[in-house]
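The structure under discussion is supplied below as C-alpha cells; questions concerning it will follow.
Labels for the chains are A, B, C, D, E, F, G and H, by order of writing; each one numbers its residues from 1.
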Amino acid sequence: MIEIRWHGRGGQGAVTASEMLANAALRDGKYVQAFPAFGPERRGAPVLAFTRIDDKPIEIRWQIAEPDVVVVLDMSLLSVVNVTSGLKSDGIVVLNTAKDSSEVKKIFPNYKVAKADATSIALKNLGAPITNTAMLGALLKAAPVISFETIAKVVGERFDQRNVTSLKETYDSTEVLN
Amino acid sequence: MKTILLSGNTSLSYAVKQLDVDVISAYPITPQTTMVEKLSEYVANGELNAEFIPVESEHSALTAALAASAAGARVFTSTSSQGLLLMHEILFITAAMRMPVVMGIADRAVSAPINIWNDHSDIMAQRDAGWICFFAESAQEAYDKTIQSYRVAEDENVHLPVNLNFDGFILTHTYEPVTTLDDEEVLKYAPKKIRSLVLDPKSPYTFGALGSPEYYFEAKYQAVKALEDSFDAIVKADKEYKKISGRGYGIFNAYMTDDADTILVSLGSIGGSVREIVRRMRRDGAKVGSLSLKLFRPFPAKQIVDTLLKTKSVVVLEKATSPGAISGPLHMEIQASLKTFDVTIPAINIIAGLGGREIGPEDIRIMFNKGLKVASQKRVDTIMDYVGVNI
Amino acid sequence: MPKKVSEIDEGFVLKTPLSSMQTKTGSWRAFRAVIDYNKCITCGICWSLCPEPAIYLKDNKYTVDYDYCKGCGICAQECPVKAISMVRESD
Amino acid sequence: MPYKTVKDLPLKENFGPGHRLCQGCGAGIIARLVTKVAGDNTIITNATGCLEVSSTFYPDTAWGIPWIHIAFENAAAAASGIRAAYNAMIRKGLKDSSPNVIALGGDGGTADIGLQALSGALERGDHFTYICYDNEAYMNTGIQRSSATPYGAWTTTSPPGKLSPGQKTEKKNLVAIAVAHGIKYAATANVAYIVDAANKIEKALNTSGASFIHFLSPCTPGWRIDTASSVKVSRLAVQTALWPLYEVVNGEYITTVKVAKRLPVTEYLKVQGRFRHIVNKPEEVAKIQAIADSNAAKFGYGPLSQ
Amino acid sequence: MKTILLSGNTSLSYAVKQLDVDVISAYPITPQTTMVEKLSEYVANGELNAEFIPVESEHSALTAALAASAAGARVFTSTSSQGLLLMHEILFITAAMRMPVVMGIADRAVSAPINIWNDHSDIMAQRDAGWICFFAESAQEAYDKTIQSYRVAEDENVHLPVNLNFDGFILTHTYEPVTTLDDEEVLKYAPKKIRSLVLDPKSPYTFGALGSPEYYFEAKYQAVKALEDSFDAIVKADKEYKKISGRGYGIFNAYMTDDADTILVSLGSIGGSVREIVRRMRRDGAKVGSLSLKLFRPFPAKQIVDTLLKTKSVVVLEKATSPGAISGPLHMEIQASLKTFDVTIPAINIIAGLGGREIGPEDIRIMFNKGLKVASQKRVDTIMDYVGVNI
Amino acid sequence: MPYKTVKDLPLKENFGPGHRLCQGCGAGIIARLVTKVAGDNTIITNATGCLEVSSTFYPDTAWGIPWIHIAFENAAAAASGIRAAYNAMIRKGLKDSSPNVIALGGDGGTADIGLQALSGALERGDHFTYICYDNEAYMNTGIQRSSATPYGAWTTTSPPGKLSPGQKTEKKNLVAIAVAHGIKYAATANVAYIVDAANKIEKALNTSGASFIHFLSPCTPGWRIDTASSVKVSRLAVQTALWPLYEVVNGEYITTVKVAKRLPVTEYLKVQGRFRHIVNKPEEVAKIQAIADSNAAKFGYGPLSQ
Amino acid sequence: MIEIRWHGRGGQGAVTASEMLANAALRDGKYVQAFPAFGPERRGAPVLAFTRIDDKPIEIRWQIAEPDVVVVLDMSLLSVVNVTSGLKSDGIVVLNTAKDSSEVKKIFPNYKVAKADATSIALKNLGAPITNTAMLGALLKAAPVISFETIAKVVGERFDQRNVTSLKETYDSTEVLN
Amino acid sequence: MPKKVSEIDEGFVLKTPLSSMQTKTGSWRAFRAVIDYNKCITCGICWSLCPEPAIYLKDNKYTVDYDYCKGCGICAQECPVKAISMVRESD
C-alpha cells in the first residue's frame, strides 16, 4: 500500500487531485481510497487530502499518519505547516516551486525531493495558477504509482485538454533529486 | 455492472437515482450535503425524474417525505446530527404511520459543543422511533444497502421506514471503488409497488386519526410487531441481493469469532479497521475476534448472543454515550441481551471516537487488550471505559 | 368497542369515510331546532351555516336531522324569517 | 362560475356529522364549506388542533375525502409533499388526475408553530391552498393566547390582571406576511359571508402556485359567547372593520365586502366574554377602535354610524 | 406550612412562584396547560415578579429558557409529549452547556396515533440528553421535587438541567392535598445564587463555541461526569429537604422488598396503586414487593440492584417501548444493571398503560403473578410481555 | 449622533482577527461594524453558520463581548430569553444596566429554518435587534440554495441543468415580512455603504421593541468572485437596484441611498461565477432586470444608464 | 373511602364541583382526590368527574369503576349515558330534576335516589342554569360526607353569596327517596 | 494543544475574549497588502473594510498587521487613491 498526503490551500483543489489519482488507480486495477482532512475548508486556509492505493481491498479507515509521499501545491505552506510530519524516512516530498534544486534540497536535506514549476506551467496553459492537475504529473514522475496514460485520461474527462497539457508538461519537467 | 469511484454520499445518490425515486425532500447539513447536491444535479439534468423539495428545515423535510409517501410516491430523504434531532418528533410518526420512507443518515456528533464530525449520538438518540436501522461499513455497502432498504421498506409485510447510517466524513467523504448494478437490475430487485392505503381521491381514507386510550395501545403494538417481524424480510432481501450482485452482508460480520477469547462488537465504518487489528494481533497469537453489526433495529439479540456464546469476554465499542445511564446504548442492549439469554460472559463498554476523535490502530489494540484482561481475570473492573479522552 | 390489533388497519388508517356518523352527537343537545315550514322560505341559510351538518335538503325542504343536531341555535339565530325555534329537550 | 347564493353550493357533504366540535363551532362551518367548494378530487392535510382532534376520533372520521394529519407544525410541509408526489407520479403516468391540495390549520398551527413550514411552502410556490381557520387562540388545549389573539382579549395565558390588560400584542397580520412572499392569491373570509368565502376558496384553488385564506372562526367557549351567536359575532367583526373582507390578487388589494356604515367596536366587544374586562375601559376600547379605523381607511369601509 | 388542594400542575406552579423564578418560557400542550395558565395568572397579578415569554413553539421555549439561564436568570419551562420531542435538539445542548434549567414534564404518549393521555414514551426518548431526571408519584411530591430541583440544578457542583416528570392527567389533573412550605423557607432552602459563567458585558465570555475533534470528547466527558457526580447532591438535597419539611423521598421507594419473592419496579404515579396491591396480595400470603423509582437519571443502578439482590424475580413495569429492542428502556437498563453486578435473578418486562390505557388493580395482580411464576419456575418464557393490550 | 464618515467609527475592535472566515468574507466586515457600533454593553447571539463556526473555533474566539451560540434555528428565541432575563433581573435589582441584545443569523438561519423564531420574537415585540447577514445561500455547508438565493443563481442545490435555470424562485423579501409584523424599524444595508449601515445599526439599537436589518454579505467562494472584489460586487448590487438601500420607520419606507443613474443588472451578474450560465441568456437577464426595475420604481432609483 | 362520580355536560362545571367537594373535605380533615375523566371536553358533550374521600391517605390512582354515589347535573344525559354503570348496589343516585318522586323512582327502581330541582333554584338565584354548586347541596343531603358549613364556605370563596344561597336552597329542598 | 477535561471551563465556556488572536491567520495569505504612505490620505476606508481586521490605526497611520492579513485584496481594491498594492509572498 502506498499512502499519499496532499498539502494545499482552500480553493486550490488538493481534494480533487487526491480523488483523480484514486480514480486513475482504480482504472489501473488498484484498490483505492481518497479523502480530505475532514472539516470546514475556508478559502486560503491550509488543507490536506489523502490517497491510499493498494493491490488488495483496503479495509482500514484510520488516518494516514505516516505517508509515503507528500505533495505540496503551494510553497507558502512550508512556513505554516510541517509538511514532512510523519513522512516515512524513505518518503518523497513533491514540490511546486520555481526554486532551484540546491535551494530545495537545503529545505529537505533528509528526504527524496521532486520539484516542478507547476504554477508557471498552469498559468501558461490555463491562464490561472491552478496547479492541482499539474502536480499530479510531478507526483507520477516521482512515484510512478500508476500509468501516466490513465491519469491523463481522468484529467481530460474531468476538465479539459489544457489541463492535460499542463499535466504533461509538468510531468516532463519534474526533477527528482535524491 | 461496473466499478466506479464514489464516495459514501455519492454512492447513495447513485442508488437513489437508479431506484427512480419520485420525491426527494432534504435539507443540507454537513457531512450529508454532497449527497443532496448530487441528487439536485441529477434532477436538474433530467437524469432522475423526481421532484426535489428544497424544504426550509429538517422537520419539514421528513414531513414532506412522509406525506409524499402517504400519497403513494417512492421517497428519499437524508440528514445528520442536529437535522436528525430536529426530525425527532416526525420519526416516531413516520414509523407508526407505516410509511416506507428511506433516509440516509451521515452520522455525526450532536451539539453542544457543535461538532461536524462523526460519532453515533445522533442515531442512538432515535433508537425508540420504530425505524429499521442499518449501518454501512463502506461506500459499497452504502450503495447496496440503499437498494435493499427500498426492497424492505416497501415489502407488503413490512411497510416501515428505514434509515441507513454511514459514518460522517469517514464514509461520506471517502472515495472508493463501488461496483454498481445496472439500472434495470436495480428496479427488478426493488420494483415500485402500488400500495392500497394511499391518499387518493379514489379512496377517501383518513390518515392520522386520534387514538384514544381505547385504541392507542393496539395501534402502537401493531407498529412494534411490524418492526419485529421485519427481520425475516430483511434477511431475505439480503440473500436475494447476494444472488444478483454477489454481495450480501448478513445482519453482522463475524470475523474470527469462533475461537476468540474476546470479541469486539462495533457499529459502522470502524469494522474494517478492527478486522485489520484482529489480523495483526492474531499474528502475535492473541485470540481476538470482531463482530461488526449491520442491523441495529430490529435488534438481532439472539443471533448476537449465539455468536458471543463461546468467547470469554466481550468488548462493546461505541461512539455514543447515554449520560447517567449504566452504560452506552449499544452496550446496554447487548448486556441485557446476554442476561436475557442467561449468558454470564463479562461484557465491557468502551466509549471512543466521540466528536470525530480518531480511533487509531493503537486504540483498537488497547480495547482488545482490555477485553483480553477481562477474559483472563473473568472479572470486570470498570463497566464503562473511555479510550482516547484526555482526562 | 375497542378493536383487536388485527382489526386495526395498517398505520391506523381509517377506510371508512364519514364514519363519524355512527356517533349520534344529537345526544349533546339541550335544545332542539324545530323548523316552522309555514314560515320557511327555503333560502338555505340554516343549511349553509349548521356546523354539524344536521340540516339536509329532502324533497325540497330543509330538514333537521336530530341524530346530529347539537342544538347550538345558529340556524334559529340566522334564519332571516325566524322560522326556527329552539325547543328545550324534555327533562 | 362564481357562487351567487348559498343555494349554489354543492349538496354533497364531505365533512359529515357526528364529529365532536363544540356546539356552534365555526370550524365546522368552515370545514363543510371548504369541502363543498373543493369537491371530491381533493386531498386535505390538517394541523393538530380542534378541527383535527374533533373530526377524527378513531374509529370515527368526519371526512369524506382523503385527509391526513401528521403533527401540529407542518400542515404546509405535508401539502408540499403531497403535491410533489402527485407532480412526479402524474409525470410518470402513475396517477391520472391532479387533485386540489388543501392545508387546514388553526391560528396557532399557522401563525405560530406552523409559520415556518407555511413560509417555506409559499416561498417555493408549491401549488396548494392554505386555509387558516382563526379562532384567535389555542382552543384545543383550552384557550391560550396565540399571536393571532386580538389586543386586549382574555385567554388563559393572557389573563387580565393587575399588571395586564389581557393580550398585550396586536394580532399578527397573516395575510400581509403571506403577501410578502409574493403569492398570487390571498384573502380573508368570514362565516357570516358564506358566498364571499366560497368564491374566494374557489379562486384560491384555481390559482397556480400557493394561495392563502385567512378565515375568522368563531369559538363559543373561547370567545365566551353563547353557542347560537357565533355567526352573529363574526358578522360584527366585519361590520366594525375589525375583520375587513378583501382579497389580494397578484399583490393588489381588493375589498370584496364593503361596509357603508361601520359599527363601533364596542358592538363587537360587548357581546364577548373575552373582552368583558376591557369593554368599560375607554382607553383600551380606543386602542381597538383605532385598529378598526385604520382597517377602514385601508379597505374603504365607511364612517362610524353612532 | 399549610395544606391546600392542588393538582399536579398547580402544585408545580405554586412552587415555581415561591421559588421567585425570573423567566418562564413555555408553550401550551395538553395536559401541561393548566400549569402555565396558573403561572400566567401569577405574573399578570404581580404575585410572581417574572417575565413570561409566550413563545411560538417548544423549540423556542427551551431555547429562550436556556438563553435566559445563560444570562444568569432562574428559569422554568414545561411541556409534554410532542412538545418535548420538538425540544429534543435543545435538550442535549442545555445539558452540555450546563444550564440549570428546570422543566416540568407532564408525561404523555407520543404520536402516531396522536394521543393526549399518559405514558412515558416522551421522556424515555430523551434519556440520552444528559438531564437529571426525577419522577413524581403525587402532587405533593411534584411540589417538593420542584423545590429540590432548583437546589440541585443550581448547586455549584452540579449546574445541570433537571426535568421533573409527573404523569399526564393522572397527576396533572388530580387535585389532592399538598402541604406547602412558607415562601421564605423555600428560598432559604433553594436560594438564588450568583453564577460566574453568565452572559454579562462585564465578563465578555463566549458560550457555545465549536468543539473540533481535538476538544469535543473532553467537553462531552465533562458533562457526562457532571451528571454522574450529581448523585450526591441529589441525595443530599433530599435529606436536607426532609429536615425542613418532614418529607424526603430517597432515590426510590422500596416497599416490602426485604423478603419479597418478586419485586415490581415502576416509575411515576402507578407506585401507590402497586403498593396497595402489595398490601392486598400480602394479605393473601403472596410475598410481593414494590420498588418505585424517583430518580431515573443519573440511574441509581447499584442501589437498585442492592435492593433486588434477595428477591427471586423482578418485574419491570413500564409505560414505554423501544420498538425493535430487546426490551423496554427501563427494563433494559435494569437488566443490564443486574448483569453488570453479576446478578442472575430473572427479570421480565411488562409493557402496559400505553396511551392512557388504564392499569387497574387486576392488571397489577396479573403482573405480580407473572413475577411469582418466574420466581417459582426460575425461568423466563417471555422477556417482554404486554398487559392490557387486545391482541 | 449619526456617523458621517468611517472615521467616526470607534477604534476598539470587539470582533478580532484570527478568525477563520474565508479571505475577503463580507461577514467579517459586518461583524466588525456591528460590534463597533453596538459597543461593549452588548450581548450577541449567533445562529449556526459561517460566521459562528469561523469565529469560535475552540479555544479561539473572535468576540470581545459576550456571545452565545445555541443552534441554527433559534437566534431570535435566544435573544428573547436574554432580554427577558435582563428585564427581570434589572427589576429585581440583580443587574444594573440594560445591554443591547443583538441576534446575528445568515440568510438560511433567518429566512428559512430560523424564520419562525424570528417571527415569534418580532410579534412579541421583544426588545432586540436582529441582523441577517445575507450571503444568499447556505455557505457554511458548501453553497446550497436558501429562500434568499436570488433568481437564476447557481448553488449546489439549484444547479443549472437541462431542466433548470439555476435558482427557480425569487428572493424572499425579509424586510417586507418583518415589516408585516408591525415592528418600528427595519432596514437594508450593504458593506459598500458602511456609514449608511452604521447609522442604521445605531437606529435599530435605539428602537424600543424589535428591529431588523437585512445586510447583504458578499461571499467569495459562494458567489464565485475573487477575494478582492466582494465590496465592489456589493456596491454593484446597490447601483443596479438589486439591493436598494432603505429603511422602514414605523411602517414608512425611506430610501437612504439614492442612485441617480442605475447600472444594468448585467454589470452585477457578469462579475459573478454564480450567474455565469445565465448572463448570456437574454430572457433570463430580462427577468432579473425586471426585478431591479421594480425595485427602482419603488425606491426612487434613477433610470438605467446604458 | 367514599367514591363519587359526577355526570354533566361540557360547560356545566362537573369538574369544578368535584374539586370543591374535595376542597371542603380536605378542610374537614379528610384525605381526598378530585379528578375529571381525562380527555378533551367539548361544549355540550357528556363529561365525568370524580371525588374520592377517605380518612387515611389515598395512594391508589386507578379509575373509579364502582362509585358509592353518582351525581347527575342534567337529566338529558340519562338517555345517552348509563349513569348507574358500576354503581354499588347500595349506592345513591343524586338527580337534578323537577320530576316528582314516583317518576324518578321508576327510573331507578334499584337505587337510593335523591333529587332536587337545582335548575330552577339556580335560575332564580343566578339568572343562569348553573347547577354545579347547587347540586353539591343535593349530594350533601343524600350523603353527608362532610359538613354543610365547610362546603358553603368553599363555594362562597370560589364564587359568591348567590351561589351559596343556591347551594343552601337546594340542600334544603332535596328529597331523598329510598 | 488538546486540553484535559479539567482544563476546559464548565459548559465549554471561553473566558478569553479575542483569543482567536493566538491563531495567526496571516499564514493563509498568498499576497500581502502593502500601503504606500506617500499616497495614503488616511481616509480609513481600508480600515473600515478589512474583514479580519488586519489594519489598525497607529500613530495616525493605518497599518497592516501581517500576523492577520489574509491577503484578500479588498483594501487595495477599495482604496480611493490606490495606495495599497498586493505583493506576492515569496515562493
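Keep this in mind: a contact is a pair of C-beta atoms (placed from the backbone, for glycine too) under 8 Å apart; a residue touches a chain by one contact, two chains touch by 3 or more.
Keep in mind it's a predicted model, so treat the numbers as computed, not measured.
The chains that touch chain F as well as chain H are A, B, E.
With D-G and C-D as the two chain pairs, more C-beta contacts join C-D.
Between chain B and chain E the centroid-to-centroid distance comes to 30 Å (mean Cα coordinates, whole Å). Chain geometry summary: the mean Cα position of chain C and that of chain F are 55 Å apart. Listed for chain D are residues 14, 20-21, 23-24, 52-53, 56-61, 63-65, 69-71, 73, 112-113, 115-116, 119-120, 123-124, 140, 147, 220, 227, each touching two or more other chains. Multi-chain contact residues of chain H (touching two or more other chains): 2-5, 11-12, 14, 16-17, 25, 28-29, 70-72.
Within chain G, the positions touching two or more other chains are listed as 39-40, 42, 44-45. Within the complex, the chain C residues that touch chain G are 25, 27-30, 70-72, 89, 91. On the side of chain H, the complex with chain E involves touching residues 1-5, 8-17. Listed in rising order, the residues of chain D touching chain E in the complex are 48, 52-53, 58, 69-73, 112-113, 115, 138, 140-142, 144-145, 147, 156-164. Remark: chain A residues 19, 22-23, 26, 31-36, 38-40, 58-63, 65 touch chain B in the complex.
Residue ranges on chain B touching chain F, taken from their complex, read 27-30, 33-34, 36-37, 40-41, 43-46, 52, 54, 56-57, 82, 86, 111-114.
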